[in-house]
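For clarity, chains are labelled A, B and C in written order, and residue numbers in each chain start from 1.
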Amino acid sequence: MEARLLDRKQLSPLVDALIADCEVIAPVDESSYHLIESASEMQLTQLKPAKSPKELVFPQREVLLRYALAGDDVTLDEPPPPAVADRVLIGTRPCDAAAFPVIDALFGWDDVDAAYFERREHTTVVSIACDQPCDTCFCTSVGGSPAGIEGSDLLLTPLGEGDYHVQVISERGQSLVDRYERFFRASDQAHNRERALLEDEWRAAIEQTVDLNEIEMADFESPVWETLAQACVDCGICTFLCPTCHCFDIQDEGDPNHGERVRVWDACTFYEYTRTHAGQPRPMHYRRYRQRIMHKFRYYPENMGKVLCVGCGRCIQYCPVRIDLRAVLEAVKG
Amino acid sequence: MENIYKPRLMTVDNVTQETSDVKTFRLAFNNGGEEGFTFEAGQFGLFSVFGQGEAPFGIANSPTRGPYIECSIKEVGKVTRAFHDLNPGDKVGFRGPYGRSFPIEEMRGKNLVFVGGGIGLAPLRSLLWNCIDRRDEFRDITLVYGARSVADLVYKPELEEWTAMEGVETVLTVDPGGEDESWTGEVGFVPTVLEALQPSPENTTVITCGPPIMIKFVLLSLANMHFEPEQIITTLEMKMKCGLGKCGRCNIGPAYVCKHGPVFSYAELQALPEEY
Amino acid sequence: MEAITENIRREARRLLEEEAVDVVIGYQLGWDGVETVPAFVDQPAEVDKLVYNERCTHNLAKYLVGREGYLTSRFRPSDQAVRVALVALPATLRAVVALLREYQFDRADLTVLGIVDGTPVGLEPDVEVGRIEVDTAKEEQIRAQIDELDGMSLAERREWWRQQFSKCIRCYACRQVCPFCYCEQCIADENQPQWIERSPSLWNNMGWNLIRAYHLTGRCSDCGECDRVCPVGIPLRLINSRMLDEVEAAFAFVPGTDPEAEPALAAFQPDDTAGFIR
């Protein structure tokens, strides 16, 4: 699939054209990716939104079924599969895009989560490469890149003289380009090469890295875990903002006669997460923190073949006590 | 496509009060739901009372007996209390069967020693009846079962059946102080009673389930009697929600109790962090 | 700033060498060398990592309370209370006073290394390690925002807060950084009954946030940490600071400023004018 070029001034007109035909979601502020009604609402800044776009395929609240009770009779109603319109997620960071294939593995593990994949299939991911990584970014340490293509259908890389280089990564990306071909023109060797050189430059700009090539977790019993997580206060910020964290709870909500069984986000850092009447398997914050790190960097790779992290750095940036995952990995990589 | 989170409706057919806080529920399939439904001893399901919530319980009946699903539930919290308020005729939800079952095929030709404590007998009961119904395939079958007191023993009518049965050697015990005047069984903690029996490790598999403290000392006793970790099978209880390996709650080490368990050999458990 | 850092290090070294405390809780630089993070120093050789600068805002009293306790047996044998030297900002000092009044720990186990700013505090630090200026510009900004909200009609204000709470993702960071949120079972985690449903609907979010504000009324030390840590930018300060105004107006009580004063909403007199409480 041939690369293209998109004049930067054409980005907004392209977005407006997309809006006329389908739903468009883009970063709108420091908080989130959001549905937009016009290209002018799109905000592309160095700071990526606090909330990752995972909620587009894994909503924070999802109705699994509805129930109605009448006497001792129960009727169950499934919500119809999410009426997902076709939509384009534009302005995604490569790290956020890379998260999708990582969690696809889980939602498709043996039992397939139909609603999740319905949403995935209706979403075209158009990412924009990072020409200014933040000081908390570490995508290169986990196999990613500021101009990486994993999980994207199209990748726009800002070039020097007023163009985006457009890599067409998938069939979905190709159909978008075909449909809106009036906005694009052909790329050439020179532009392709410039893109590659810029990627190298931006990769090098991420100075604080951790070499995770030979990651072997520190001994589970090592006292270093307690010191590393001493300040952790057990909130859910790292988990909820993380593009790959996916733990959830299932609750029945409603009144005595009818209600909904919903799936809601949960976090292994919460005290209540594994607590039962029989006991608390992970008493103390550092044990829950250890579980989170081990799950992401050892257990998930063992089960799914991928590290459960894309190096976006939100967990560092928004942690109330600034626990730095890079420092933790450096200390435990063994 | 199928909604993997949607339970099937089942009707409460029978409720048996086992102890002051344990009830056994027999659930009947609705509308021919039993067609094509199979399970293996050791698997579990997510049972729900609509409006109150869902919780995991082992399937307590043998796959050779049905068609129905039985579960034994101790009242400890919101969902279990909702179960205890149910009467025959009420509807509940069931999702399953999930999880890895007891390795019954590998137990063929072996001596089997079941060691249970309290409500831990529930998953063992599924396997025990399964083995009894295929009696010729196994060598000696022994059951060692105890509880804090006579009142805390579950499946009392079946305990009598097993005691009377030729093909099963049954040793029942209550903790010291838990006996009453009519008690004719042993008095002593389960691990002590087990060790007094001195089962031989030769060609023997032990299947055990009970309170953590009992398991701990049973494992010590078994080690004293030279049982290898591979010969000891247990089933873990862990907080669960989805049962499908997705919500993350039951993850211990690389294992998901709902997918790689709940049945584990002691050898497998030794490789996991002690977070259960 | 540097003098304060020096003072903290000096005191920490002394207290640890004399074995007068088991751990010094203060601040250190993070991995990037810029941000500050809470520090737990239990060896005299490590005191030089303690710092103080204007980025140090965490309310360290948080680590003295809680169901499990943050201070594990590596600081002291598990059956004994850990003796702590606490670097305490003005808000932390107020928190300590209020928490002592709620019997959350023993004053004897605490050595207070206070950083004061001239505002009233109901506690004499054991050592005053620094004096800082009140950030009047910040205070005025908050006051202006509160006044603006007060100036709205009820309907406008309600709509304003609804917009804020619709952003809430129920990460509970506000609760987890707060020294006063130490309940063994938070009402939000209670499921018999489920007072507040887990899902982040507007209704549930309002329930959560307003109940927390109520539970803090008359106790909050006004450290502003809840506001700082909220990842979606809900200005929680504006509620909690505003409630402090209400309590002061109704009871002439400011939490943490007077060790003798009865907590306004946690104490009653037999001759209380409100009949229901007698």
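Rule of thumb we're sticking to: contacts are C-beta pairs under 8 Å (C-beta built on N, C-alpha and C of every residue); 3 or more make two chains touch, one makes a residue touch a chain.
All figures in this text were calculated on a predicted structure; none of them were measured in a lab.
Colleague: Upon omission of subunit B, how do the remaining chains partition into touching groups?
Modeller: When subunit B drops out of the picture, the chain contacts still join everything into one piece.
Colleague: Select the chain whose centre, defined as the mean of its C-alpha atoms, is least distant from the mean of all protein C-alpha atoms.
Modeller: That would be chain A.
Colleague: Please compute the C-alpha centroid of subunit B, do the same for subunit C, then give the distance between them in whole Å.
Modeller: The computed centroid separation for subunit B versus subunit C comes out at 47 Å.
Colleague: What is the distance in Å between the mean C-alpha positions of subunit A and subunit C?
Modeller: A distance of 32 Å separates the two centres.
Colleague: Let me have the rounded angstrom distance from the C-alpha centre of subunit A over to the C-alpha centre of subunit B, please.
Modeller: 40
Colleague: Could you check subunit B for residues that touch two or more other chains and list them?
Modeller: In subunit B, 53, 77 touch at least two other chains.
Colleague: Taking each residue of subunit C in turn, which ones touch at least two of the other chains?
Modeller: Residues 194 of subunit C each touch two or more of the other chains.
Colleague: If you look at subunit A, which of its residues touch at least two other chains?
Modeller: 249, 251
Colleague: Note which residues of subunit A are touching subunit B in the complex, please.
Modeller: Touch residues, subunit A against subunit B: 64-65, 67, 69, 72-74, 76, 78, 81, 106-107, 109-115, 220, 246-252, 254, 256, 259, 261, 263, 266, 268, 273-279, 281-282, 287, 291, 294-295, 298-299, 302-303.
Colleague: Provide the residue numbers of subunit B that touch subunit C in the complex, in ascending order.
Modeller: 53, 77-78, 81
Colleague: Give the list of subunit B residues in touch with subunit A in this complex.
Modeller: It is residues 1-7, 9, 48, 50-54, 76-77, 87, 89-91, 93, 212, 237-239, 241-242, 244-249, 251-254, 256, 259, 273, 275-276 of subunit B that touch subunit A.
Colleague: State the interface residues of subunit C toward subunit B in the complex, per the touch definition above.
Modeller: So the residues of subunit C in touch with subunit B come to 191-192, 194.
Colleague: Mind pulling up the subunit A residues that touch subunit C in the complex?
Modeller: Residues in contact with subunit C: 30-32, 50-51, 60-61, 135-136, 208, 223, 226-227, 230-231, 233-237, 239-241, 249, 251, 253, 262, 264-265, 267, 270-272, 283-286, 318, 320-324, 326-327.
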